[in-house]
Structure formats: C-alpha cells, structure tokens
Amino acid sequence: ASAEEIKARGYITVATEDDYTPFEFVADGKNTGYDNDLLALMRKKIGVEVKQQVMPWSGILPGVTTGKYDMALSAVLVTDERRKTFDFASPTCEAITFYATKKGSSIKGPDDLVGKVVGAETGSAMLTDLKLFNEELKKKHGGSGIKQIVEYQSYPEAYQDLALGRVDAVANTQISLNSLVKTRPDTFLIGQPIGKPTYIAWAVKKGNTDVLKMVDAALLELRKSGEMYQLQQKWLGASYKDMPQSVN
Amino acid sequence: MNAFDYWSIVQGALATVVLSVASIALGIPLGLGLALIRWARVPFFHRIVVAYVSLIRSCPAVTLTLLIFFALPQFGISLDPTPAAILALTLSTAAFNCEIWRAALINFPRDQYDAALAFAMPRRLRFRRIVMPQIWRAALPGLVSEMTLQIKSTPAVAVIGIVEITRAALRVGARTYEPLPPFVFALVLYGLIVFVLIRAQRVIERRQPVEARA
Amino acid sequence: MNTSNDAALTMLREVAADGTASAPSAAAAASGNTARPATDTVLHLNGISKSFGENHVLRDVSLTVHKGETVCLLGPSGCGKSTLLRCVNWLEIPDAGTVHVSNRRMGVREGSSIKMSDAELARSRARIGMVFQHFALWPHLTVLQNVMEAPLHVLGRPRDEARADAERLLERVGLAGKMEAFPSRLSGGQKQRVGIARALAMKPDILLFDEPTSALDPMLVGEVLNVMHSLAQEGATMVIVTHEMEFARQVASRIVFMDAGQVIESAPPEQFFGAPQTPRARQFLARFRSPHQPFDDTAGDAPKLL
Amino acid sequence: MNTSNDAALTMLREVAADGTASAPSAAAAASGNTARPATDTVLHLNGISKSFGENHVLRDVSLTVHKGETVCLLGPSGCGKSTLLRCVNWLEIPDAGTVHVSNRRMGVREGSSIKMSDAELARSRARIGMVFQHFALWPHLTVLQNVMEAPLHVLGRPRDEARADAERLLERVGLAGKMEAFPSRLSGGQKQRVGIARALAMKPDILLFDEPTSALDPMLVGEVLNVMHSLAQEGATMVIVTHEMEFARQVASRIVFMDAGQVIESAPPEQFFGAPQTPRARQFLARFRSPHQPFDDTAGDAPKLL
Amino acid sequence: MMEHFLIVWQQRADVLSGLLDTLGLLAVASLASLVLGALLTSALMSRRAAIARLATLYVDAMRCAPFLLFVYLIYFGLPTAGIRLSNWWAGAIALILYNTAYMAELLRGAWAGLPAPMIEAARAYGFHGFSLVRRIILPQVFTVSLPMIGNQLVQIVKDSAFLTVIAVGELTHQMNGIQATYFIPFAAFITAVVLYWAICLVIEGGSGLLSRFAEERRA
C-alpha cells in the first residue's frame, strides 16, 4: 500500500508465524518471541496502527506477494532468490546455517556429513545453503556427498525425526538450533556452520517502499537506542551490532 | 505439556466445532439446492453444478483454502481468515452433500412420486410433503458421515491462520519439541467430537419410527 | 397456496354438479370446441398416440367412458395398457390426441394450444383417482394420513372434515383398526385397500386402476376385488386394467381389449368372453383358459430333463 | 476344498446308486436308527416343530415323500409352507424333529446328536435342489455360469462335463439362445426356467419349489408350469408349494394341505379337490373357486364408499 | 502470471516426480486397502460376535481419527514401538490402514444390502465358508459398490496430499516446494489442482466404464 492509502486507513497489516522459536511462537496463549517484542516497541514509534495476523509459514510469503499483508513480520532469511520478489526492511539479526545432531552422533565435523541423511525445510534459505554445501563436499570428497536431503514442511517434524534417528542431522540457523539445544540438551547437540553469514529481516512485496520507509525508520531508531540489541541478547543469546542498514 | 497447553488445544477444539457447525449448517441446504438443480436438469446451471462438484471433489481442502484466501483479493474480495475458512469449508462440503442428496433423490421410488402427481400435488407441495420427509432420512447417514469427514478436514484451514485442534497441537509441539503428546491429546478430542456426532445420528435414526421407513 | 386450493375445490364441486344436473354446464356451453363429447361422458380419449423412442406403444387410441360405467382394459403384457392409463392424467404426455375428463381438456389450456402449468395440471388431476399396482402408498405417513394428505393439502379441505371422511372410508374398506399403522405394517391386500380409500377421498369423477391385484398374494386378491365390486355396484365410474378374467366378466359393464398399442375389441363382457370377434382376442383368452399344456416338445426324442 | 468336493460327489453317486438299487444300502444297514424309513423314501420329516419367538409356525409336522412322487403343498398364506421347505435343507433349523433325505439325517451327525459343521451341512444340501419364488439367480453370472457354478465349485465336477450338462439342460428348458445373457436381461419366466435348470444341474435326489410362479406375470406362468409338468412326467421327486390349483390337480400325485403349522389333509388330488375331508380345506378351496363374493357388509345400512 | 507458469514448467521434472509419487501411493494404497477391506468386511459380517466387534472397533476408531493426526501417529509413534519405516512407506501404510477401514465400511453396506435369497440360494446349493464369500458374495458386493469404491479412490488421492507433512515427495509436496522457492503460489497451486482434477477425472471415467460393465451384472 502507498503512504496515502496507509494514512487514509490508519493501519498496516503484518503476518507473523506461530511456531518458529525463538523468533515468534506461542506460550501460554500469547504471541511471544524476539519479533513480537520488537513489534511491541515498533508500535510506539511508527505512528500508524499495526494489525497482526498469526499464521503458519506456508501462508506468510504468499500473503505478502498477493498483497493480503503489507509485510512479513517474521524471521525471513535474506537470499538472492528472495530479493527478486521482496524488498527487505533493515535487518533484525545475523544468521549462519548450522547443522545439529543427536547427542552421541558420530558426526564430529562438517566433513562427517558425507554419506549421511540431512533434513531442512522446503523452500528455506537453509536448504539452499545445505545444497551449496553438498556441492562443496562432493568436490572435496571425489563425488561423494550427503546421502539424501529430506525436505520438511516445518522444523518440528525434522527435529523429531532427528531424535528418532530417521535423519542424522538437521540444517537450520544457529539461533534456532541454539534454542533447540537449550530446551532439550540431553537429546540434541549443535554442530558447526555449513553456510555463509547472512541476515534475517522483515519482507515486503517488491516496490512497496512506502511501508518499508516507515518500518525502517522505526527499526533504525530502536537500534540507535540499543533496545534492539537488548532484545537480541534476551532471545538470541548474542547481540549483532555490525549489521548494515539495508540488505536490499 | 503444561495445563495451559491442554487448555489451548481444547480451545482449538472449540474453533473446530464452531467452523464445522457453521459450514455444515450452510453446506447442507446449499448442497440440496445444487442437487435439485442437477435433478431437475435446469438448463446451463446443471452443467455448472456438475463441473463444480467434480472440481471440488478432487481439490485438496488446503489448496482450496489457499486459493480462496489469496486469490479472491485479486478480484476485490478480501476476506478475514474466519469467513474465508468458513467459505472454503462450506464450498467443499456443499459439493459432497450435493452428491448425497442427489443419490437420495435418484433413488426416490418412482411410483410414489407418480402417486403425488396423480393426487394433484403441485411442485412445491410434492417436494415438501412427499419427497423431503423421505429423502432426508435416506440421506442422513451419508450426510453424517460427510460431517465427520468435514470435521476431519478442518485442519486444512490452519494454513490461513485459524487455530483449530491440529494447529494448537502443532504449536505446543513446536515449543516443547515433543510433538507426540499433544497429537495424542488432539486425537482424543477429535474422537470425542466425531463420536458425539455418530451417537447423535443413531439417536435421530432411532427416534424415527422404524415402520415409517419404506 | 390456499386460494388455488379453494379454486380447485370449487371447480370440483361445479363439475360434480354438472354431472348430476346432466344439462350442459355454463362452462361447456361457453366453449366453442366442436369435438366436445356428450355431457354424461366422464372420460373421452381421442386419437392418443405415444412412442418411447422407436417403440410405438400407443397408436391412435380412442375411448369414451360414460358416467357409472366400469370398463375393464385387457390385453397381453406390454400392449400399452399402463401407458394409456398414465396418459389420462398426464403422467405420460401423449405425442398426439386429446384427453377430456368431465368435459375439460387435460394437459392443454382450453381453447388454445398452450401447455398447462404445473399448478393447472395439478388441478385437472384432482378430478381423477388412481390406484397403483404396487400401491405407491407414502411410507412416512400413517394409513389415516395417507388418505387425508391430498384432501387436506391439495383440495384445502378443513382438517376435521377430511379426517371424518378418511375414517369413514377406511372403516368401509375394513381397515378401521389400522388407521394409525404405517403402510409397512400392512399386508398387500390391506395396502391396496388403503390405496383405494386414498383415491376415493378425493371424490374423483373417475377412478383408474392399474392391475390393482397383480402384486398380491393369491389369497389376498379377493379382499381387494370385493371392494372394487362394491364400488361398481354403487355406480362409480372406473377404468380397470386387470388380468383377473373372472372378475372382469362379473363386474365390467364393458371390456376393452388392446393389443400392440391399439384397441382391438370393445364389447359387453358376455359377448367378449362368449364370442370374441377377433382371432387375437380368442388367442389371448385361450392362453388364460388352460395355461399349462404339457411342455411343447419339438421332437419326440428331445433330451430328458432328468 | 477339492477333497471334500470329491467326497461329496462320491457320496452323491452312492446315494443315487442306493435309490435305483432299491435295496437297503450298506450305510443304512450299518446304522442302528430304528426310525429309519423305507429305502424308496426320498424325504422323511418326523415331528418337525419350529417357532419364531412366540409364533409357533410349525407344530409337529411329519411327511414322507417317495421316489418319483410329486407332492403339492397347499395352504393359506402364513401357514408355514415356506418354513417347512426351508427346514428340509436346514436353511431354517427346526426346534424339534428330524429330517432324512435319501436316508441320511440332515443337520445332525448320523448316530449322534452333534450338529453338522458348515462343510458337512453343505454336502448334505447338495443333494436337495431348490427353486425360489423370486428366482434368486446370481446376477453377476451369466445364465450358463449360474447353472454351472455349483456343479463346478461345490461338486467339483470337471468343467467340460459341467458345461455340457448345463447346455443340455438350458436347451431343454428352451433357453438355448440365452446362455451368455445375464439374469437382468431375462423375463421372469425365463429366470425361473434358469432357476429350474440350475437346480437340476446338481442332479439332486429331490426338488423343492417354493411358489415358483407367484412372482410371475400371469402370461408367463404357463411356460414355467410346462417345465415342471415335464419333470413330473419324467419321474422327478418334487415337493411344490403353489397356489396354482389347476396345476396341482393335474400334476400332483398327492396333495398335502397345511393350516396353522400343521398338516391337515394328505390325499390324492381327485380326493382332495373332489371331496375334501376337513372344513378348513373346504373353506380354503371355496375361496379359490370364487374369490370375489360381494363385499361382506356387516349391516345393511353400512356407509357407502361413494 | 504467464511467467509464473513458465517457472512451474521449468521445474517439470519435480512436478512429474511428485505426480508419479502420488500415483504410486494411489496404486499401492487402493490395491492394498481393497484387499484388506474385503477381508475386514468378512470379519465385520462374521457370525462370531467377538470378531465382528473387534473389526467394528477398528473401523470406528479410524472413522473418528483425522487422517493428518493418524499420519503423525504412525510416523512418530511406530518408531517408539520399535518399528522403523521410511517416510514413503510410513505414509503408504497410514493411507492403507486408514482407507481399509473406509473400504470395509462401504463394502459392508453393500454386503448388508444384498438380497438375502441370493445368498440363501448359494447355501442351498452347498456353498459355505470361504467359497461362498469368494464365489457368490464378494463378486456381487464389488459390482454393487463400484461407484463408491471410485469415490474412495478419490479420497485416497486427496488424503495422500497430507503426506507432505512427513516429507513424502508427492505432488503437493513438490508443488509446495516450488511455491516456497520461487514465490509463485498461484501458478503452483493451480497446477496442482489441475493435476489432481485430471487424476480424479481418470478415476471417475474408469469407474464409469466399469459401472457400465457391471450394470447388467446387477440384480
């Protein structure tokens, strides 16, 4: 929506996930997590009302591309493929794709993934990273790489399969995996990075610059005041102070 | 799983029931209307109904929901998740109900209908006094089993942000990383709802005097 | 709804008055239709033809039934008897020909060629009572409700009047004890007697019976034929399709014999059974007299069954 | 499967041999059962009783049928005729009494009181041919397959033999042209003739007919009765439940009249039809002679139907 | 919009593999559930009360459980019980077990509706036990229930779409992958709908043809 439209109706609509700890999830019936806390702070700065719709990941990006929502207020990894369709707000954190294993696994380093079964989410940036990493592995090990990449609709099933031994490792961002290991330290173990550092940011439909401007202004203010870094510390266990202002 | 998790799944069950009841209440008469259009071979419209039923029958509910939620705005109709979900569920159940009603209409004994004609009943009266009281009884088992299927297909509307039983259970699993317990609890709730429905059908059938059946 | 029902009722009474007065009614006089039959004619079929696809089921059938006549329609299976009856009340629409019931044109608006609407057809049909081979009672209604249904909702008669009438009729056909029973609890003979009471409750000008006893156990045929016999004696106008030769001989005022979609003979029963005029009628009657000659062997040395 | 079929077949042949030899068979001699009937007895019922709940349908019925006899079982509707036939081949299990078919006890193991297993029962039933009121053909099989089915899969006869037999029988009942047709394509009379051929194909010791013509159009009754007439002339042993009095008079070697679950009279047809001994038989026959006396009014001033 | 469908076309290898997977699941699940359903129906109709009750319990349990949750239960629950299956087979087995109950229920309806005299005739001619069921009852049950079996096959196709949650690479899974990678929800889902429709039209056509064949074999 353009600036005038937003003025006229007095609100923007955003879509948020409900099962992506620690960014956004539901606890005791309330939407909580890093992104939800950020939203609470942003509401004070942005000057228009923000209407939030909570839904599964599979509905989020289609909702933005079709114009149902102004922005995906969700942990969207910034990739080249996505830049073709979306514009991103100022990033909210940094991410690197890691793998995690079951405790006691024989996988001690990235090279041990050769001949193993690894899971990741369909259409995710982590899957893209995993596929690139697999190419490298193949080069390095004379054609032999990961035995099979299993694509999941969402991560809880992948973690469950890891626990049951159907997959040997799961690829996800270090932030998500840290949260996993913190909750079930007796079952899971975080491994090492298999991708390049990238950013996580909120996404709008390509060309929707008016919304982007409003949101960016608020986000940069939160950075300046340090409130964003406090929230990162609280939810993600680290603060990322060297992020660029724009990742588009 | 803590007490609140159980409670949240129960709330999901409430949403499931509300959505199902709404779509069933709309879908049964709508299905009857569609069936009558086909039965009476209303020109042009009966072809549309045939295509509609065939398409909906083969379209997975998730896909239908996504299309309604995300495609309609392009034609200027933007629906909130709840009405969109009810619309999707109604469209789908109406197609199935149409087939059930139609089967009941087709199997309606020809000579009873002839008797209604011979006894000078005009169309509305024929339908209201002779056909309807019998076909609804013939259709009831089919309608109820479609209702159970309908209730079981409500998880499809979770994709547009409706939190029904299955979604509520998934949320719990996503937080605790232990999906099995909430699923089992969800199964129990579904079982209860469907069981109540099946019992209701039995009660309704039993209240019909047996001898009143053809 | 109510107004049209009242109209139908009024019409019905007018017609009834017509019949007894036996003078041309105002309505009949007002119409310029020259093919109009005489006034004591209850049913007049003229040149009825009907095909189902390639199958010419009725070929130019004409038939007149006068007030108080009992016409028995005989003929081999498939010759078109049922179809003819169904053409009378437009359950089957003839391809050609006209039907008049109590001097009113059936199916087509008087003095025009416009088809009747559903409501007009219903009003015309109210003057014709029909009894079906397989009873066609409505299973969701009790016996009493079956009989009251059409008088109440089609003719719009007051409930207590319709009820009193239905009870009287059911008593008369020997079913006083079964009024609250559902049809599924009745024997075939009882069902068919309900079917007759149901037809009578409409006070029709003419009664049509399509093989009313052929779905019945032989032991139960008598009870239905008895009721029909009474009706004939009381002067009801009836057209009866039947295979009960003995009954037809006793009760009919006229036998109409059909074959291959045509009326072949029409004669008083004594004449028809005593001296049938056509070879086809003779052949038909012969089969009924002795249905089981020894099995017709083509050769003496035919293989044995055992 | 095969071995038990072979056993059944062997048994069948033995029995057939028994019958023709008309001397006490080894099996019969070996058994010490004193109630054992004479050797030309094909069916022997002794003291059969059967109730459905409170309804005593059969009360101590005994009946003996000798080889070559045609017994017609008459009686009013509901008197238990069908139930009696069904007791013969244990489709209904009698509460008391014994059934012997070709000198073998039905339903209970010889010389003991142990119930037969399903397989033993099946073997016993294979010796009894049954023809049903509503034909009960198997709709998924062609006419030829219907006739071959049981000989092939129950008796385990070789296919070409069974086929030749079936073709011969179908030809004999006048259905040579319909062998590949499905039952749904046949008229009622044709269906029942297939039913008879199917029963004959088992080469049974006795044939049971339960109202074989009462579901037929009157015009088609003759063709079925003709076949049965031929069978009687060829010396088949048959028990026929029927309402066709004329047929019974011509064909029966004995009439058995039942009422209220009991055998009331058993006599040659001339005697039964000419001079029935019991009032109930007289009453029964009277209803058939003139089934439609005028409706039996209780009072002269009974309300009119019209 | 056109370019979106072009993207789908470029991914046709994935679409085809999804389609084949769905067809494979359909073939396995329909054959197995028909055979098992026929057996279960015999149990439902058994004269031994204990067997009939047990079979009824199974059918009712399946009727009460939503397929999605049942899939999760099979997929995550069986390993807990020491049974480990690949995703595809776990999905196929869930489809089979679930639809067996529905097949059995619809066959039971047809069986119960068979005219009793036809079965009695078979008993009277010496059929019993398994040969009675196989030669006389089941052929009639199948001819009568053909259209309903067709409906159930359509249901299997739709159920198979749920298997995406346990990472079975069937049609919905592939289309969802394409959708999420290239952000073309419409083109992807419309393609899916059209393909599903095509499968179902083939099923309907087939069952229509068979019905015509069965027509004269019905009572």
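Residue numbering begins at 1 within each chain, and the chains themselves are lettered A, B, C, D and E in the order written.
By our rule, contacts are C-beta pairs under 8 Å (C-beta built on N, C-alpha and C of every residue); 3 or more make two chains touch, one makes a residue touch a chain.
Per UniProt, the chains are B, E = Polar amino acid ABC transporter, inner membrane subunit; C, D = ABC transporter related.
These numbers come from a predicted model, not from an experiment.
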{"item": "Chains in simultaneous contact with chain B and chain C (ABC transporter related)", "value": "none"}
{"item": "Steps in the shortest chain-to-chain touch route ending at chain D (ABC transporter related) and beginning at chain A", "value": "2"}
{"item": "Chain at maximum distance from chain E, centres defined as averaged CA atoms", "value": "C"}
{"item": "Inter-chain pair with the most contacting C-beta pairs", "value": "C-D"}
{"item": "Euclidean distance of C-alpha centroids - chain C (ABC transporter related) vs chain E, Å", "value": "52"}
{"item": "Distance between the centres, which are taken as Cα means, of chain B and chain A, whole angstrom", "value": "37"}
{"item": "Centroid distance [mean C-alpha coordinates] between chain C (ABC transporter related) and chain A, Å", "value": "82"}
{"item": "Sequence positions of chain E contacting 2 or more other chains", "value": "76, 80, 185-186"}
{"item": "For chain A, residues that touch 2 or more chains besides their own", "value": "58, 62, 66, 157, 160"}
{"item": "Shared interface positions of chain B, touching two or more other chains", "value": "66, 70-71, 179-180"}
{"item": "Inter-chain touch pairs (all)", "value": "A-B, A-E, B-C, B-E, C-D, D-E"}
{"item": "Chain E residues within the chain A interface of the complex", "value": "76, 79-80, 84, 87, 164-167, 169, 173, 176-177, 179-183, 185-186"}
{"item": "For the chain B and chain A complex, residues of the former touching the latter", "value": "4, 7-8, 11, 66, 69-71, 73-74, 78, 81, 158-161, 163, 167, 170-171, 173-177, 179-180"}
{"item": "Contact set on chain D (ABC transporter related) toward chain C (ABC transporter related) in their complex", "value": "76-77, 168-169, 171-173, 200, 214, 217-222, 225-227, 229-231, 233-236, 243, 246-247, 250, 287-288, 290-296, 302-306"}
{"item": "Residues of chain D (ABC transporter related) that touch chain E when the two form their complex", "value": "1, 8, 89, 91, 118-119, 121-123, 125-126, 128, 130, 132, 134, 136-141, 149-150, 153-155, 182-185, 198, 202"}
{"item": "Residue numbers on chain B that touch chain C (ABC transporter related), as the complex places them", "value": "109, 111-112, 114-125, 129-130, 133-134, 137, 209, 211-214"}
